[in-house]
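Remarks on the structure that follows.
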């Protein structure tokens, strides 16, 4: 076996159950990140290729070599409906690893989207297809197929650890990963938080200050804040 | 008193008069920057969270600590209708200092927008609200409330000095700051410039060359420009 | 004559013939880049100022000095209908070299768009005009007119060599340059490729895997890929 | 227990055995990276604070919050002789998390060095102490102590996953992580590789070409390489 | 008069008194930044051109236009022994604004060093002269002399506001600015801090933990930190 | 033949004559850049791997694919004593394309150094060998040998066009390229400039101002510079 998790395709992975995924799919990334105790976020350079893109699903992970998209073809076979492909890379690369042909393939396999710490191309077509992609770059540069990576091993994507089967949620605010083991717990926390936020929104809209709503005046004074005229 | 402008909220600030603000609100950032003698611009990494965002108002300034949005709550109380909150940070940070709840609060206080040398989140909601935000990043990362900054002290935001009460104008071309003392003068210059530009636009559209319109042929020849075939 | 290609305007350049340009205009950047044997791409920091911008034409090249747009005025006179102005810079600069007045001038001369390794401004107006611009930055910063560059010399723009008369194609995926001498050959290759891609798209949509379509299983096995459960 | 690995200190970790660590300590980062099948590297922005710094030891991991060095104090207590502290951060931060006082503390506990995906300060003192530090930045900015992170949980540091007890090796070429489970295997591979490299060095010095030594002429010809005069 | 602080040279500035400057000159940047209540730091991209560079003096400020070093010549005349020239720029530029000739001139006028938010060149000569320079870049690119900036107006340099006469201190950890009005106060605080640090260093060297020295165990427990085995 | 300059090795190139190279070798990069009319510079991210590195020689050019160093082996055979290998890349890559083995090979072939728009490794060994390398990054990451590039075709390296046989000069201030056709002319200009600079240095050292030496007072006054007290 591999000493370094390269050259491996794991076929059977345990996915987060569909019900939990759907519960999480109702929330935005910021809410889930908070419900998860402020963990799981990818770095802010990950951006949607079109405004309003939103995706939630179970991770099929891919470890790429820079400028080589061999493993994205290997990953296609491992996709099941409801999956999101999440690709990390062994070195920073902005090459166009993914385009409309692979998107057609992924979509036909039931993939809900792609999160890739690299570049993509054919963004006009991807947008027309409504296939949500979050990437570090957009670039037409073509890729080789020469170096082995892996599928369904733990990967680092844009600074976050992703295990196969984890839930991945992405929207205009970024990308967050929720491990399978705690996904239901995070969904519950997100539901509670959302209810709470609606109430706060009403109070803020009515002119109430966060200073009062959150009881900030006393700790601020203790910290030494001075008001002057 | 503070030796370093940290831990201070200045309550009474002198704002640029509303009439001058409205005169400036008619112009884009490029025009005002030129009318101001090519000064006052923030760095180009400041981008609107949605295309077409435009805001003009009087600055309530905030000095933030990285990853800490305590002072944005403190600032809310100092907002008056027509203000734009302008937040600098003591170190580069892309954390999500501001989201839809604070935006609801700011809007209810009469704020016209936010300029922040940091990250924001809930951009889908902010866009739906039509609340213009210009920031260095979009990121879901939550903030702490533990370190004092200040409100209404002079701040550096994306390379520009902003004093409370200055006029801040932002659109797709960036963000420009006009000090209160010269705002009326700059408005007058902008009005003159705009009139002049309309005339030029007509001449350019008719095929006249900038080489002739601006009398560039002679200085170019003097500088040594050679035409070859 | 100049020892360094600065201070020169070449008036008579050989442009790629119009028919070849129109053949290339039918394809996106990714297709042309592939048809050209994966060459000719500019770096991925070159982005359209509005989503969906697309341009194809013959290059009028400009070599700029940082923060100085004198030569963009000089270039205007050299534009013929069907040209795209391609501007490189002797040092990285994000200043706003180009705005709506120059765009009006360029449009009236028949220019199809601008590719500039620098900043532009008035993007709201440029968007309204439908004048496609691809740039490294958007910034309101004004320029001087004091330092000589050149027009219609070979330039490096965002990492690519561009000669006057070459075909330049740009869309959401980036910018590609095709030298005049091989433009017809590349057009033919692009036509062949496009036909081929349509067939592949149908097969991918039907669920066929790239692993099978491209015969990847054997080379992957040879490279040592292991499937585990 | 924590749902997200925040707020935890794991006291008992299994460290790679000392003998294996010493075997790896004989090699540079490039050799170990190759021996490990080209895996385990951190990103190239991680640089030594002084030229020639070199460290090899067992990882005590720290998860930091941006601008907050509370957990570096917590980690000090967990250090045993031969450890290297490896700190990741939940968001990019260049603040000065670490300086000469903490270095004095770490050194007295037997730490061999620090790898930190953030900033450090007092680099003149650290250099004088000969305490090897590899960081993403140098900055005098002070930190708060207000937000919980963790000690000895799996962390991502500069793109690499690090588990407590793994071997970390750093020199002028960067930083590489070798998991405990395969460290002995990698050491053996490194020893073999080094022997092999010495032989190649001699042949290269004698003028032999890599083309011949590695048998590259045939695959290059097959790939289509053409020699012209 | 100028509406925007461009095109001005202020001849008579009030400098921080020499005694206070010498008191501050004894400390490193990290210590002064802390003594100043964690304020006044420039961004971490400002780096010394040679390791070990250290400078402390009174600021003669310069506002540059990108790629134009006219005002550095104007500034030379305003230098008095003990000054440090601090140059900001109206837009990001890495051009080589300063080299060995200007350094020779500055040195002969009594300048102690240069802090510049731009590029410099001739670094081998500057190093040989022992003239400390802190810059954002090193680049041989030459500058023009065509656009007016200013001398001895308030400038923003690498994110910090600098007024003429302020004390500027720079070393391997970065650059810090101390306003004239509080310089003596900051010097006193730095002296107190340094004494305190020496004591702490001894205790850390003896193996005492920051957890105990700073009383961190209780607040950490309150914040919810859990120790596990 | 190749339509895109990929997959080609040109064996016979015309090198700048040795005498001219030696004349240029006496000067630093800043001087040559000025003597060349301020042209030919690479971007400032190109840095020497050790301080004080200096190289001047005739270019053997290499076009690399990202993360692939096949062509560096191909280039070795084309090296003649006095050459400097200059490598561009079809996409940004920081991988370690070059290390001590290739350096041993290049040195044995008579190469004077390497300029590479990519990463290198084994920098400790390269430094010990005194083999000057200028690169965009240092990284241990290994490379593949799978994609054809070219040798001795025109390349873009860090923004500069380099033709085989051109003179390349690099030192602490950066890297400059002088085309073969004008190398002697540039050498003559550099010699004149150097003589002139020595005289200026003496006058600057004696306290004379650039304002007077260059006659700047009048143009500054004309441009509107105001002196105030």
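Per-chain residue numbering starts at 1, and chain names A, B, C, D, E and F are given in the order in which the chains are listed.
Methods note: a contact is a pair of C-beta atoms (placed from the backbone, for glycine too) under 8 Å apart; a residue touches a chain by one contact, two chains touch by 3 or more.
Bear in mind the structure is a predicted one, so any value in this text is a computation, not a measurement.
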item: Common touching chains of subunit D and subunit B; value: A, E
item: Contacts common to subunit A and subunit F (chain labels); value: C, D
item: Interface numbering overlap (same over half, different under half) for subunit E and subunit F; value: different
item: Contact-pair overlap exceeding half with B-D, pair selected from A-D, E-F or A-F; value: A-F
item: Subunit B and subunit F, separation of their C-alpha mean positions in angstrom; value: 41
item: Centre-of-Cα separation between subunit F and subunit D, whole angstrom; value: 31
item: Overlap residues in subunit A, where contacts from two or more other chains coincide; value: 2, 38, 41, 90-92, 94, 139, 141
item: Interchain pairs in contact, sorted by label; value: A-B, A-C, A-D, A-F, B-C, B-D, B-E, C-E, C-F, D-E, D-F, E-F
item: Subunit F to subunit D touching residues, read off their complex; value: 1-2, 7-12, 50, 70, 73-74, 76-77, 94, 96, 99-102, 104-105, 107-109, 119, 121-124, 137-142, 145, 148
item: Subunit C contact footprint on subunit F (complex, rising order); value: 2-6, 36-41, 43, 90-92, 154, 156, 159-161, 182, 185-186
item: Contact footprint of subunit E on subunit F as seen in their complex; value: 28-30, 33-34, 38, 41, 44, 47, 51-52, 171-174, 176, 197, 200-201, 204-211, 214, 216, 219-220, 223-229
item: Of subunit B, residues touching subunit D in the complex; value: 65-68, 90-95, 139, 141, 144, 146-147
